[in-house]
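Two complexes are shown next, each including chain A; its partner changes from chain B in the first to chain C in the second.
After this line comes the complex of A and B, so read on.
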């Protein structure tokens, strides 16, 4: 049997798990050289976990691939070295490289559905690692595959061996990928966005697993992610990449609580902290966009977007100065004295200056805590947004069942809710809980089997085809992926013009004006109107998609994960835009998202769905604080936050999500509930309990008892009441001026 | 899996009925007067009426169809108007000959085209890839009667390396037949090779870019294992479907080649039957070709299901 701690014995000073020095990687496209990584120097100690953050396109994955020696065919390493476990990766022979991959370094990927071979049994996929790395015989390899599945706590390892990837859930697939990566006890485990795209509770499970495995394996971890909370939870150190440059590096806690590079600060400010709401703080965004590959940059790579940039920043690029220290100030003085350097970049700037554990590539690190704050529009109160007594939308007892072969799947079960003018209703729940089906019933894309949907006082017809033009115009939708919702062969002006004509019914002359106004409203510069969606960035595309939805002055816009596919800074600007449009146009939103902090931020009221049922509804702050439904409690406990003193108790959900075709009897959540009372939960459907006026949940435990239970849990976890966890944290917008004071 | 095959077989029944109705309609109803269309404009009306009575063409349509279709099922395919002998053995002999030619051609085409296509796909945009793609594409655009005539002239007439006809003299050993089939098989290869190879190349290129291939590389598998274990069974799905649809054509659609090489296959049989108004023969031959199409597509679907566990498990 392979021992989990097979540390190589021998020469005392073991080499670092990863040691990258002055690494330059260039992509070549149509004869152009596009530098992706510029003089990266970093290392990961044995057994250490290192987080690499930055927006997409910063070069995170390229760095990982360089460690695997698996760059795209048009990518070359122009300078520098990558040592893994002391071995220069570029010097390996073909055969040695093969054994190297999966042996010394292994990888866990973003999308486990795609990462597993679709037509091969799980057992064979695991066994082949042993067979081709250690020459293990077939039977023994399968035996070891079974063992490795046990290690990642797969419920039924024996059965899983014989399954195909499509027969497993996303979380189980990722467990298999992790088991595969750990088969040969690697020195370095690269996790590339390992939980992106997984549901909150599944993400939490995978994180628990990784954390738990860290105690048993000796692999160092390189975690690549855009989710800062993940790094805060898993990693000791963190590096921040921007445009191929390492701009800040240090202990994760220090970097996140006291950022000293404007980009790090910008990233931290644009994520909604847990408990933030649009009425009390606006999200900070990073102005401008990431430079395109190969775009010439003067001086500091970040200067074009930096709110504190000074002339010296474009004169010469700052080095990676030790912090705390006066390296930045001296560097700035030096740069002032020198003649302007047109190239403004030379590889010698790459090395960290000094032996300190923390480095920042900025002349003005001491001033970063006082980085100027932008003042986007704050949401006004619900009344100011035009809310009146009456409801814009009221859904009553809506039910929708699908047929899957002989099975019946109830995707939406007896749901009622209402929405006021100018109000945002957040809908949360894991995939398959029925959020999108409910949204489709409202837009008329699918007809409910029973129940009524009232809109502005009148009853809506079940399908869009039978609704009046006015009803169609008034209910619009913004989808998750603007790539597939905007016609790729039309210019954006054509897309908006058509929408204005169809929805607004305007004449030719006024159409042009309306399109211009719409694009100005969503902050898309007129020059982009001539381009096709392909030539726009993700954020711009989503802005166009939002403009399209607003073309006919809608009353209700359904946003289905509108910012989930975007980078955090872009997400912040899209959320701000939605808030601003609501303030000006008094539109109502149904906002669907799996990101609880985002939902909490943007919503006035929140509904939680579980297995086709709406199990809890109430004001945003109330739903996210006790007393609340045990499922909501578990969901909330599962989110990784940036709070380093976070002692919230993780509430792992038992078992897996039951099938919609055979929902559990009694309370649908009873199979996974951590507050199970007993037979009453299994046998009787829970009543609707009212915690406070307007906040209801479906559970057998009455609110006062639930409050005691849930406050006890929070207290037992060591830190105040759970309500504290919902307070804006360190760099929340409430104390933007002094983020260092934690 | 068995359920899948069973379901597909059941589905073949309505398809077959529809095909038979269409064939019947095209052969007997559309020409109007069957007897007239057989005997031609110079026959007298009495002769035509007599023939119609003999053929049963004066009976109501549904009755004629029923008689024909039920006879077909029981193996009574009627009598050839031209040869004055039962249709069944004649069609079966033609089918056998066609199967031999198609099988011989396929045995070369399928492995060769998949090999070339996968090679080209694995070395995408290399010289080898360009060479394979361009040459196979240019071969595909040459019509078989052009390549057939040129090949006949060069190899049979000028060089005398290969026989001119496609059938060995009577009494030759069976293996001789393959030697005689080389020349007719080459134009078919020209046509099919490029098509199937392009399909195999496209499948390979597409799958090579899938994340699971990256997983396979980065878990340190040898190249051979990646290709045979992970690439091929996923990349070959579209190719198998295309081969399935081409088999039907190779067996029933070789009218030109069989005529050019005077090969007594079912394609030539159909053309001759059509030209001589031998309607029972024509109907039987066309229907058998329709069945071959269906069966080869069914086989392709079964292979696809074997390759893809998702389909096999009915998900």
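After this line comes the complex of A and C, so read on.
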């Protein structure tokens, strides 16, 4: 561990890549001082990868911006120093700063489409970096741009040089951004959510690239992400931020396998482990929300949400204590000894104590592994949900084509599937595979070109406008984007009242009661009903959206990525809510998500879509274990997990997704398949194979052969079978499986 | 759902704590304390949220008050509104003719001089605001109303309806406003009401384009889809769901149109298709007095400056509003 030697920057050795001490950043908003970061002391050794995690709003990006000296005009560094490669960032002149950014330090942002100029060819954009920073001549700059594209393994560097950003896929754009960030051999590379918004397979591709580049470049990496799996895979050390304080820091493996701060523990418990299902364990949530900026805090910043909080926690803020050690206990005793004077509640200045490699800002670190579990298991078995009663929904040969100029894009191609009462059908696949279009065909937002959709025995009309009141009531949808799902001009109560009156068919007197019941069911306190969506948090908005969908006691609710725009802690509570509503109301779900662990957790059956086709359907556990479609196999291999012994072999998908207007002949997946048999795949459409009863997939390889091939791969990867990876992992799993008290 | 919740309320935190309280007596004290802390914090947050809302509204008002462009524009506009309403009580009578004192230069008795019929130019300039301040806002409101409806329908329904409406709008936009209004006014005759309707109709296509663009970006939002899934009628979705969320571009468009309406009304008067003498209307005055420009420039200069100041004022207000909204 590079950090363990306790070497400081002044020892004459090469300076650290990033050295932050006592950093305090404040934003000034309309006359108010809002402290964002307080007493941050951390460093990154040369060549080290450091992960920064925490919910959105914790100050992760602000820390990165302070390191780049990119703080917004209303943000000031009130105290502390930021040294990058030994250079105090605040001492640079404007001119030097420009050279220094992109030279010594560079940053990769979340959205590659915004990081690249849409009006410049890729080659010119890359060459500009060399020409500006090193004064390279035009021809040489282009030559080096070509070289840098090769370094990030862009398929056809020569052609890419002449392309515009919009001609590249999201993954390729991000590769170009990374190439640009690495072009001048920076000492520090900041990655701010580099894969958020990319598909799982593309994410895996970018991760492989970063991992592979790490061997060849000497840049240290600061990785900012909400995805703990990413940090587990890429970083040596990790820092956990909460409300602008570093609450835990240490080697990634230690922090994630043996968390010692209740917040870290809480975050880890929120994430569905791969293979977990709602009937085995409830997702743990972190109650409450992040304190608002500028909110007065007493003592420990996390005490208001901490399930272990004791009175001493609000007396005085704990320091960052070395762990293992008794610093926390001593700190608690010290805080106890303070006189009960209100002034003593003000948080004192906190600094890491000692030069140990691991620090925790908690008085009760030894008790964290026994942190109480709060959420009971909510889901009942399929039978208890009435899932044996027959089909609620059956879709037959549904097809939908869009016109794009002269091209015809078939977004949903000949799809058939059934759904039982009380069942959850998970729909996975990369973006553009047709998941949402299929869902919109079911709800009637898009009319299918052909095929039938039967609902409770009767055929549904193609568009929502023509459906009966009862069909509208029975089929509802929860949308992805919490910021646009509610009308910003309406109060929350008005939104729910309208939904109840249109869908519930209730008279005026009972509407009020129904709205109150709905908001209670989705756990939104009555006081929020008076507010407009702008004043609600993302999780609250999504809860209201769920309540709206449930206004008419629906039979089927389509959930289109309902939690993917939310923090893990909030995501967990939304998933729990959906499970609980299903247990109580016996509603069926079609659940769309790109997060395979989430789909695995919430679904009873899963369908995998690729290029508008449903290529595999089956019970959740079966689809995610061999034998399964090679595409599913590749998808599964791409998820970053928190398992440090993870030796699964990643199966990179070759090339990019073909266009929907010209789908490949034969098997649609053959252009990217790693188990390609030969011409048969290119020429003949694969048959539907049955692995076990109810589990079918579209492939030329029969199940017994596929099973052998896929278990071999897993075995060759060094450890166990893919089935092992599907088991809940050690951390917190024992807590999770323990039945919780209600 | 279960009893624990009903006794402890719908708050998930409290509910979870309820589970804790019954589970672990040792933690009881700590939890009670934490719950109390959280309740106070929640109350504080609540108060803060309410205060924040009030502050946001005040902020918008204050941002406008602090915007020099908006304030200067507003000052000039309010000056003319005041003059339009009350100038008769302050100035001399704008229609009093005094042939003995025609075309006198500005003096203590006549601040802006007199015109060919010896009427006080100051009184006429101040009173001239009246007609333009009736015609321009009324025409703008008509244009917003019609353009709003057309834009909503075209943007919401898209397809063939949109195609037909927008091609018609294109045709109307291709007509030169002044010439068309002259034609219409010569056919229908003069009169304030006819001028208002004509200008309003001619501005409708531009407004409808703006509204349509705003509707198109709004209708793809998920709350509109949710409304469709509730079986709401199109008229409801347009008027109640979408319209409240596109007021800002409509307000900005309205102020832009207002400036042009002032201009157009004055131009029509100047060309003799607006109001008839002896109205003190600025456009009309400039038109009738321009023959004396060489010998008595004040007769034309003051109404022209007044007209320009009103147009500039409206544009400054537009600019200020646009900037504050964009923040």
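Here is the rule we use: the second predicted complex is superposed on the first by the 706 of 742 C-alpha atoms of A that agree within 3 Å, B and C clash if a C-alpha of one lies under 4 Å from a C-alpha of the other, contacts with A are read in each partner's own complex, and residues count from 1 in each chain.
Here is the rule we use: contacts are C-beta pairs under 8 Å (C-beta built on N, C-alpha and C of every residue); 3 or more make two chains touch, one makes a residue touch a chain.
Because the structure is predicted, anything quoted here is derived from the model rather than measured.
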Does the chain A-based superposition show chain B and chain C clashing or fitting?
clash
A:116 in the overlay: touching chain B, chain C, both, or neither? Say first, second, both or neither.
first
Of the two partners chain B and chain C, which one touches more residues belonging to chain A?
C
In the overlaid three-chain picture, which partner chain does A:98 touch, first (chain B) or second (chain C), both, or neither?
first
For A:486 in the superposed arrangement: first (chain B), second (chain C), both or neither?
second
Have a look at where A:662 lands relative to chain B and chain C in the superposition and call it first, second, both or neither.
neither
Is A:158 in contact with chain B, with chain C, with both, or with neither (first, second, both, neither)?
neither
With the two structures laid over each other on chain A, which partner does A:133 touch: chain B (first), chain C (second), both, or neither?
first
What is the contact status of A:106 with respect to chain B (first) and chain C (second): first, second, both, or neither?
first
Which chain A residues come up in both lists, the one for chain B and the one for chain C?
none
Which part of chain C faces chain A closely enough to touch in the complex?
1-2, 4, 9-13, 16-17, 19-20, 22-24, 27, 29-30, 33-34, 37-38, 41, 44-46, 48-49, 52-53, 55, 59, 221-223, 225-232, 241, 244-245
Touching residues on chain B, where the partner in the complex is chain A:
210-212, 214-222, 225, 229-230, 233-234, 307-310, 313, 315
Which of the residues in chain A end up touching chain B in this complex?
68, 70, 98-103, 106-107, 109, 111, 114-120, 128-129, 132-133, 164, 166-167, 177, 180-181, 183
Along chain A, where are the residues that touch chain C in the complex?
30, 285, 287-288, 291-292, 295-296, 298, 303-304, 306-311, 314, 372, 374-376, 443-445, 464-465, 467, 469, 472, 475-477, 479-481, 484-490, 498-499, 502-503, 519-521, 523-525, 527, 531, 535, 545, 548, 573, 580, 584, 740-742
